[in-house]
Amino acid sequence: GVGGSRRLTEEEFDRYSRQMIVPGVGKDGQLRLINSRILIIGAGGLGCPAAQYVAGAGVGTIGIVDGDVVEVSNLHRQVGHVASRIGMKKVDSLITHLRGLNTLPTYVPYGFHIGPQNAAEIISQYDLVMDCTDNPATRYLISDICVLLCKPLVSAASVQKSGQLIVLNCPPTPQGRVDGKYAPCYRCCFKKPPPPSSMLSCGEAGIVGPVVGMMGVAQAGEAIKILVSALHIPSRDFSIPLERNLAQPTLLIYTYELENAVGPYSFRALKMAGRKKNCFACGENSTLTLEGIQSGTPNYEQFCSLPSPTFTL
Amino acid sequence: GVGGSRRLTEEEFDRYSRQMIVPGVGKDGQLRLINSRILIIGAGGLGCPAAQYVAGAGVGTIGIVDGDVVEVSNLHRQVGHVASRIGMKKVDSLITHLRGLNTLPTYVPYGFHIGPQNAAEIISQYDLVMDCTDNPATRYLISDICVLLCKPLVSAASVQKSGQLIVLNCPPTPQGRVDGKYAPCYRCCFKKPPPPSSMLSCGEAGIVGPVVGMMGVAQAGEAIKILVSALHIPSRDFSIPLERNLAQPTLLIYTYELENAVGPYSFRALKMAGRKKNCFACGENSTLTLEGIQSGTPNYEQFCSLPSPTFTL
Amino acid sequence: MADSTEVPIRESETPTISITVDFYGGLDTLFGKGQHKLAIPAADKSGSPSTIGFLVTHLCETKMNDPRTDLFVLDGHIRPGILVLINEADWELEGEEAYEIQSGDNVVFVSTLHGG
Amino acid sequence: MADSTEVPIRESETPTISITVDFYGGLDTLFGKGQHKLAIPAADKSGSPSTIGFLVTHLCETKMNDPRTDLFVLDGHIRPGILVLINEADWELEGEEAYEIQSGDNVVFVSTLHGG
């Protein structure tokens, strides 16, 4: 929602005053956060720090999707879980932590994997989606649904000593609309997935905690920015298509160098193209539909040649 | 310490395997983390996320200094505290959280403000210091003690929509040693404090949670890097002064723009000069001593013209 | 004082130098965001080549959006707690306020932060 | 194939083009860190101007530290899942592998990450 104009409660005022006095937030921005619903898909190395700051900022409804349970090897980087909750569903563990931080938001746990059968139903209930997952099939699925449902997507990924972050489909624009400079979707930027042989997971390649942590916190920063500035609301008046557009879409790249102090190459912001006319998902001749996805078209597993038939987060 | 060559326990292996397989960490790097002692000064917006990742990575001894108690207005950004611990000392609240994340490190609480009387005694027991404080007088004091005790310092600061981070005195070099390209101290970079009238605190100017969060997580990243690479050990052989030097000292600047998606100006890495011959603290004619500091010379409050006679974190 | 925007210059006008200036650490809110491309007078009123000292006054007089000039200049000098970098180098190495600005220079002003 | 390091070039040798290349997302571990300043042949063996397609093969043959060339090239083309940017622009807008490299170009290769 856009946010109403009610008064803030005393507790809200005490909690959020330090962020409300920041120029550009204010009472209106805080009410937009309170009236907004964010879906965090993945409660791991990205989702944990992202959720901490989204909850702290007072986003009103926070949904979390993850089918996994907490393992001891997660804890060096998944800072929303604790040793005493090993074996618990990650969504329940993380929500326990978030409730301690802030009791005011409504937390909605989805303790199962997201897939073509359930993605639209879940995502439709939120204003903004954060992709904190760890495999390409799920990333393409989430982006496709966000295009079809007109939701902005804050996407990040991290392996070993590298991290990436990009804001997609924001402000959201209906599928097929290409007569202007619109924001790209995941497929506009990353047309084809890598072959499974070249893909490195955090399990195989390892991960340095603060690297994935930086990306998760940055995701929260982008999400808060979008909601405070009401950029999550789909454009209605396409006669002025450029007016509410974000700056040039940008892929932020972070490289952690174990041998060097913070150097000039640690961060790089790469300018990306806008929506592509020939995009499979959002382009002018796209045949992608919610019904198609639910009935197995496209086949995300095949597209990404995943060996396993299940979508794992 | 430099780290021994013992075996890792099964629990250590389970916890740290994902970070040990990262090239450049390995078993040796992990043992250096386990055998190291980090002091985190400040358990607020920077100290909370920094401590989460330092604890997760398995640093063996973690000291935390802070005289404040948890308040509700902290919780939107100080993610190591929870509502049920409002009124508790921040050090105790944060350590409660960290023990949940990782039971293996030894946690040492210092539930009082750091000042000229106690700073050397506390800092002397650690291998690396993280400055997560919020006022200039304390920042100059901590840097001076780190110069005199040969400790590397990872310093960060954040207000409103801006953050800064710099690694100082690393590898540590004895005071007065200027015959080479050595790392600067805080005074080499920031010669004079701003007048109190121009200074903005998080209380007055506000702060966006993920902005200070990014800086805290980045501090943890730098600290882990230094310990894993054994860059915290003071140089002994000054006939080869350049060999173990870090890359050019760099001030990382982060600017959060509420109106824009991640843009090319969000991060900037500014090259800083090395140790300055005429530096008040580390330069060749420095008269700074531990005894002097303890007996009131220099007068940090006067230097920074703090209105209050106490050092607050 | 000459115009500091990118207006075409006639032969008879004061020659200008093109430089870029960046502000960080809250100074961006005093001057506006992003990188500023400026054409500053090549010489001050007395005819001496423009220095960083001149630039500071010039910025204060022509570019500040905010009446609180003491957040940038105190007693005619850049206020303490602001770091100045000339072409990515500490200005102390370049002569501080006496440095003579060259065409194409990049000058960065960073206000030191202390919050946490 | 001509040497791709900054060796002084004699008149009789193949003319070269100076470019910069960056690798991210793990590709930096295959090629070494930081920005690579390269002098690449101005034309391929058949005499046609060097394209991005040529550069990819050239990098693979002369610059890779790692035997796993299939992490960069598959079937003679850049492997799927690697983003290519030419002078900060998506290579799709520039003609992809057919783009003719110009002196001073910056080419960025980014391996898409999926972990979290």
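Chains: A, B, C and D, in written order; residue numbering restarts at 1 for each.
Going forward, a residue touches a chain if its C-beta (ideal position, glycine included) is under 8 Å from a C-beta of that chain, and two chains touch if they have at least 3 such contacts.
Computed from a predicted model, the values in this text were never measured in an experiment.
Each chain gets a centre from the mean of its Cα atoms; for chain C and chain D, those two points are 40 Å apart. Here the CA centre of chain A is 30 Å from the CA centre of chain B. Counting partners per residue, chain A has 23, 160, 202, 205, 207, 257, 271 as the residues that reach two or more other chains.
Viewed as a contact network, the protein chains form an open path, each link joining two chains that touch. Of all possible chain pairs, the ones that touch are A-B, A-D, B-C. Residues 42, 44-47, 132-136, 139, 156-160, 162-164, 189-195, 197-202, 205, 207, 212, 251, 253, 255, 257, 265, 268, 270-273, 276 of chain A touch chain D in their complex.
Within the complex formed with chain A, the residues of chain B that make contact are 11, 14-25, 49, 52-53, 56-58, 72-73, 75-77, 79, 81-84, 100-103, 160-161, 165-167, 170, 202-211, 213-214, 217-218, 220-222, 224-225, 228-229, 246-250, 252, 256-264, 266-267, 269, 271. Put simply, chain D touches chain A in their complex at residues 22, 24-26, 28, 33-35, 70-71, 74, 79-83, 85, 88-90, 92-93, 108, 110-116.
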